[in-house]
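In this document, chain identifiers A, B, C, D, E and F correspond to the written order of the chains, with residue numbering beginning at 1 in each.
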Amino acid sequence: MRGLERLIAAALDEDIGTGDITTDTIIDDAFFASGIIRVKENAVVAGLMVAGQVFTRIDPRVRFTCMVQDGESVKSGKILVNVTGRASSLLKAERTALNFLMRLSGIATLTRLYVQELAGTDTVLLDTRKTTPGLRIVEKYAVRAGGGTNHRFGLFDGILIKDNHIKAAGNIKKAVKHIQRIKPYHKVEVEVKDMKELKEAITAGADIVLLDNMDLKKLEQALSLARGKVLTEVSGNITLGNIKAVAGLGPDFISTGAITHSARAIDISMKLTNIYKKERT
Amino acid sequence: MRGLERLIAAALDEDIGTGDITTDTIIDDAFFASGIIRVKENAVVAGLMVAGQVFTRIDPRVRFTCMVQDGESVKSGKILVNVTGRASSLLKAERTALNFLMRLSGIATLTRLYVQELAGTDTVLLDTRKTTPGLRIVEKYAVRAGGGTNHRFGLFDGILIKDNHIKAAGNIKKAVKHIQRIKPYHKVEVEVKDMKELKEAITAGADIVLLDNMDLKKLEQALSLARGKVLTEVSGNITLGNIKAVAGLGPDFISTGAITHSARAIDISMKLTNIYKKERT
Amino acid sequence: MRGLERLIAAALDEDIGTGDITTDTIIDDAFFASGIIRVKENAVVAGLMVAGQVFTRIDPRVRFTCMVQDGESVKSGKILVNVTGRASSLLKAERTALNFLMRLSGIATLTRLYVQELAGTDTVLLDTRKTTPGLRIVEKYAVRAGGGTNHRFGLFDGILIKDNHIKAAGNIKKAVKHIQRIKPYHKVEVEVKDMKELKEAITAGADIVLLDNMDLKKLEQALSLARGKVLTEVSGNITLGNIKAVAGLGPDFISTGAITHSARAIDISMKLTNIYKKERT
Amino acid sequence: MRGLERLIAAALDEDIGTGDITTDTIIDDAFFASGIIRVKENAVVAGLMVAGQVFTRIDPRVRFTCMVQDGESVKSGKILVNVTGRASSLLKAERTALNFLMRLSGIATLTRLYVQELAGTDTVLLDTRKTTPGLRIVEKYAVRAGGGTNHRFGLFDGILIKDNHIKAAGNIKKAVKHIQRIKPYHKVEVEVKDMKELKEAITAGADIVLLDNMDLKKLEQALSLARGKVLTEVSGNITLGNIKAVAGLGPDFISTGAITHSARAIDISMKLTNIYKKERT
Amino acid sequence: MRGLERLIAAALDEDIGTGDITTDTIIDDAFFASGIIRVKENAVVAGLMVAGQVFTRIDPRVRFTCMVQDGESVKSGKILVNVTGRASSLLKAERTALNFLMRLSGIATLTRLYVQELAGTDTVLLDTRKTTPGLRIVEKYAVRAGGGTNHRFGLFDGILIKDNHIKAAGNIKKAVKHIQRIKPYHKVEVEVKDMKELKEAITAGADIVLLDNMDLKKLEQALSLARGKVLTEVSGNITLGNIKAVAGLGPDFISTGAITHSARAIDISMKLTNIYKKERT
Amino acid sequence: MRGLERLIAAALDEDIGTGDITTDTIIDDAFFASGIIRVKENAVVAGLMVAGQVFTRIDPRVRFTCMVQDGESVKSGKILVNVTGRASSLLKAERTALNFLMRLSGIATLTRLYVQELAGTDTVLLDTRKTTPGLRIVEKYAVRAGGGTNHRFGLFDGILIKDNHIKAAGNIKKAVKHIQRIKPYHKVEVEVKDMKELKEAITAGADIVLLDNMDLKKLEQALSLARGKVLTEVSGNITLGNIKAVAGLGPDFISTGAITHSARAIDISMKLTNIYKKERT
């Protein structure tokens, strides 16, 4: 994953800085240990590979053995990982590895809840660009682990024409035609706020329309108009309470930022089960 | 803030990458705009300076004027910021700036709720190292904006002796004495799990004891023993529901990871109020 | 442009390193100069902004005034830029700025020749990923300055299913269906080598087909089959000599690597027209 | 090679970015493959080591076996390299590795043509600083592979006094004497435009003179004057058509930017000869 | 050690840059060698690990075997290290490795002299922030190797209230109380210049007082007042000639910048004992 | 200066890290101050520009006004610089700026002592590559400020053939001839240990010979042989006590590492002369 190495390095640097003054002072290099990483509540796991890289960046000789896989649904108490290696290496990597694992599992777990609401429909759950700054690539990975599908990764790899673009271009048709000429290789998505704009977008040749912040009634009308003519994405105020009803109207996609910006961390902890001194030979 | 520039650069890079293909294609450099950033729910604001830096990194000529200050409690609908500048610059910075502002305000808002529970007591609310990887410095800033106090920034600037350190050293006394000799300039904190360890830590000369995951009864006993002899920090399973009761027992500090690892984002959005073409002169 | 600052910094560093030993020794900071950058042959200009950034990175007080614009067709002898500033700054930036300008103008000039061959047709000229390592973003910019259109910027922002992908997936249909589910937001392009594969790609729902290395006869057959069903791109052995004939068959796109990987540099040079000592006041 | 790692990383990053969306989606990690890299026209090869580093940076377990050496002259159709490894690794490294190999082999091939024209003379072919920004170190390597000799790598490791330095110093003698005192460890080269300057440079104690843009007649006169007194370099408008005639006049060096700034790429491609699924054991 | 990799990379880059033009030209990769690193005067050694990393960064196959340990006191002529490997790798790493070893051993040796003066007292020798820019982490390591103890690593991990802080706060008491509330986890040190300030600091609850630039008489008075109430550090004009007398007054700490900013290098050199050509097999 | 920005950034980062916890807590942004930087002993000053960059990197609005120039010889007590600006900015930059200034002035001062010993001779004092890792460019600058001349900056910009190169090449002649062919643009220096090697080097066409570690008698013989045939450099065990005698023998250059690796720091300190609160307007 691009940028992941730099992110892990920055995360370790902010935690360890000039050194772990407690461990470096008390636990010398002759101490080794085994430990387990355990989840303390039901969850969908994500971030095991990232956590593993945190440990091996600190010390390539640490053994990090996964007992489950990313995307797996586990019960509280489940052991996720066995680790063994130099005790000081394990203690230095612990917090950073867990911080990744807790956050990413939180996202995967929340995503899974939304995805389960869509069971039995053809609607696909999409994420958004509302991710934690600097962590987009891993948070989008966690969404996939939870069963969601990724929308564009950034402004660079997907077209989304919004109101200000339309104003600058003059109207929807001009905006769509212009971008199709410059970027013939991308699908074109247009955000529309009412039936008039929806019709214009369809006529202009948009591939996808984004129906943002419409109430159920308006949505039903819009989706019925769009069906068969254009792909449809619904967003805005989607909750676990209403997503099933929205999906019942038959959109192709429902997107929500909540799965990345408002997931709470899953409680996961590491425990060293034994620590012992190894004599150099 | 150390590392903040790099974090902002990384965040913008992950969002913009090779370019904003929609905006770059449709909105040329002659378009300018004004806009507002508005909060959509009651909140304590944090991250205005960070958001401002996001805009000015994209384009130093953007004018970013704050209507409130970090740490201020605001009502839903409040305008936080007025922005003016080249339209394409505003659109490229928007998402990254909001992602910072939404997350940091989320942390400040949740922190404020915990701090309010401590009103009338002498207990201080502390954060932990359970922060989002790479964002510790800004998340700890948001804790302060919310009224909390920062515990150590990392393993490098504070001593915390835990069970594995004690095992490696032999006992609490040895661990404390040893580290006091090597790091005479730092306070020494020791995590204890029962009354026996608490007494050992006090006898050894610890400056602070961490009482982790004790129930209220055990806590009361421990705090009564420790009072006047050593500073006390309580952690583990602190919630908005129980923090007042814990504080009633009189610890010097209560620490919780929830304020950083499980704050949900505050809903904040940007709207361009006008967009117009400026002829070059 | 993402990465451009880093590229300019690296280019200046490789040229200047520990210092310009001739200029630093002989020309002290009191010397100032004016100069011109002139093209020595007919060309389409590209890279003026990049060249300007080279000068201002060396010294922000250099004045760099463009007499023409990127994309403009100019005659041999035309003055492209006037520069004034500290003499040592101009001499240190000169070679790196010219190296960019010569190469990018070479690409724009060659691109323009290909584009002119397409006049009167609806076929669009596309570039490829056959760019100089590290310079893709500026070379693709030069293609646009020359009148070409950019194909995907990299493996990250466009789908192209080739023979090995098809083998791994089992067949074209499986490959297309699978990727449409995971990446519903991207158009899907499939490279086909014969009529059988072309039909499969169309049936599978591909948005674009790449007809690679077919002779004119086979191309005609393929394009006639594909017309109205799928967008078509032709590539392989395209030259200034045959592109008109290929375009005559009516493909939507013709792509060629030659415009980036085999453009020769345009001869452009800088001359200081006067150099004088300014007394400090 | 200094900076090479950074260049390869930047080149891979610009091509792969957030991921190879086609390959990552379709070809899972269980697929392995063998392949060949083959040249499609007669050429002098350069860049094999660089290409190898591209593959091993993507995946250290890729086996990259060279069938020829840099600097070797090969016939069209020759297999240059055998590669084996994870299929997705090979496909991700392919384009970047070939882009290096095609460009560097282009430079080596063109250099060889110039060098062959100098056969039977004592004149040495030199390159210049007219290289692609950021690629100087590998392009100068390709020049050596082609049989050329490197002039200075940048402004930092060689002295070249030009007209503006002379104006600033007052005259040639002052410039030469001054720099010999500050940089006693470097040879001093002076660019001269006529016989008067040539004599001054010789008298001043220059080690090398650069005769720039003189016609054959003027060159003959200058070289005859300089012989035995100073080393001589000829540059300006050197072509494959005239280099032999220039060398016939007996200069020590002839330099040309064309071998680096205007070499066209050699056609080289990679083909996977088989791709298969390996079951995990 | 944080930052050490970057420091070694920068040091090698400034020495090798675009290549070792002598070695790269004359000694091809078939040459191998053994060598020794030997100290030419009595010294306390420090920096062996750093020197080893320099060699292995150049070439991971170099064998670097230490004959002594950091912190060991050795006689002139002692062999510190045996190295074997590719001859060109050894020659390229030599100077940078020795520059580290000579400087760090210089610091350790001078520190040891000061520490020996403190024998028989309870006073601890501290270093300061007066280190070479960019090398603090290794120079503080060398101090420890010499037997000294590290004061704070920087402004970020220790509190020291000086005159300007006191002026800004109003008085010592306000400064101490304020910082204890914001940074409850750090010891508080206050610099005092006379008895009045010393008393204020003690009353305010400072943990440590810094007695700077006091003469012996004033020091005696201050230490006698402070004893048992606060930890004491003495600094300013400490020399090998007077440190014993100062320690006789019983301060807890004496700090001096001289051990880092004015240690002269220890003479250490590398010699290749044989160099031979190895035929490829 | 190349790399200087990175060096200053690293130096500030190692000192300030996550923040100046004392100043950030006590001195708010409304405080401003003036101050002076004063030398406490006689010295030759070097590093003023570097120190200025340290301050302006922390805060571009700091005013840093030099009262003397680099290379100037000043008496104890002399004010070198006036600074004014935000108080917290001045306090954060202070230590790093002084650490540069103290070390570089130490080098300039010691260099000046050596140079003064050469007064009345034609011998030039050269530095070596025995500089502090990472600081070579500023330390070589300080040598020039002290009146010395720089030898090569690294292995990349000067040729020095030593014993191992000679062994690998076969003999001196082969080594010199070979390198003259590959690097025709550089002077060639050869280290010789006796008269036989000296003669070989002269015959081979070396430009400079390095006479290393010879006693005065042997030196006299060697210099008398070399005079008029080759430039001569003497090195090894040069001290302030013997340099005059060595220079009396008439070598072109004497080089010594002591001026960079064993200069002690000059005592320089900063004092804020007033600190005051400025009300925002």
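The rule we apply is simple: a residue touches a chain if its C-beta (ideal position, glycine included) is under 8 Å from a C-beta of that chain, and two chains touch if they have at least 3 such contacts.
Keep in mind it's a predicted model, so treat the numbers as computed, not measured.
Q: Show me the overlap between the contact partners of subunit C and those of subunit D.
A: Chains in contact with subunit C as well as subunit D: A, B, E, F.
Q: In contact with subunit B and with subunit D at once: which chains are those? Just list them.
A: In this structure, the chains that contact subunit D and also subunit B are A, C, E, F.
Q: Can we say the copies subunit B and subunit F touch using the same residue numbers, with more than half in common, or are the two sides different?
A: Counting which numbers both chains contribute, under half are shared, so the two copies meet through different residues.
Q: Among the listed pairs B-D, B-F or C-D, choose the one whose interface is a repeat of A-E, with over half of the contact pairs the same by residue number.
A: When the contact pairs of A-E are compared with those in B-D, B-F or C-D, B-F matches.
Q: Give, as an integer number of Å, the spacing between the C-alpha centres of subunit C and subunit B.
A: Computed from C-alpha means, the inter-chain centre distance equals 45 Å.
Q: Roughly how far is subunit C from subunit E, centre to centre by C-alpha average, rounded to an integer in Å?
A: Centre separation, subunit C to subunit E: 52 Å.
Q: Taking each chain's centre as its mean C-alpha position, how far apart are subunit B and subunit E in Å?
A: Centre separation, subunit B to subunit E: 34 Å.
Q: Quick one: which residues in subunit D touch 2 or more of the other chains?
A: Residues 13-14, 16-19, 137, 153-154, 156-158, 182, 186 of subunit D touch two or more partner chains.
Q: Draw the chains as points, connect those that touch, then say whether the picture is a line, ring, star, complete or other.
A: Topology of the interface graph: complete, with all chain pairs in contact.
Q: If we count contacts the way the header does, which residues on subunit D are in touch with subunit F in the complex?
A: Spelled out, the residues of subunit D in touch with subunit F are 124, 149, 151-153, 156-158, 181-182, 184-187, 189, 208, 231, 252-253.
Q: Going by the contact rule set out above, which residues of subunit B touch subunit F in the complex?
A: By the definition above, subunit B touches subunit F via 1-2, 137, 153-154, 157.
Q: Could you pull out which subunit B residues touch subunit A in their complex?
A: So the residues of subunit B in touch with subunit A come to 3, 6-8, 10-11, 13-23, 25-28, 31, 33, 87, 91-92, 95-96, 98-100, 102-103, 106, 129-137, 153-162, 164-165, 167-169, 175, 178-179, 182-183, 186, 257-258, 261-262, 264-265, 272, 275.
Q: Using the touch definition from the top, list the residues of subunit D that touch subunit A in their complex.
A: By the definition above, subunit D touches subunit A via 13, 16-19.
Q: Would you tell me which residues of subunit E are touching subunit C in their complex?
A: Against subunit C, the touching part of subunit E is residues 14, 17-18.
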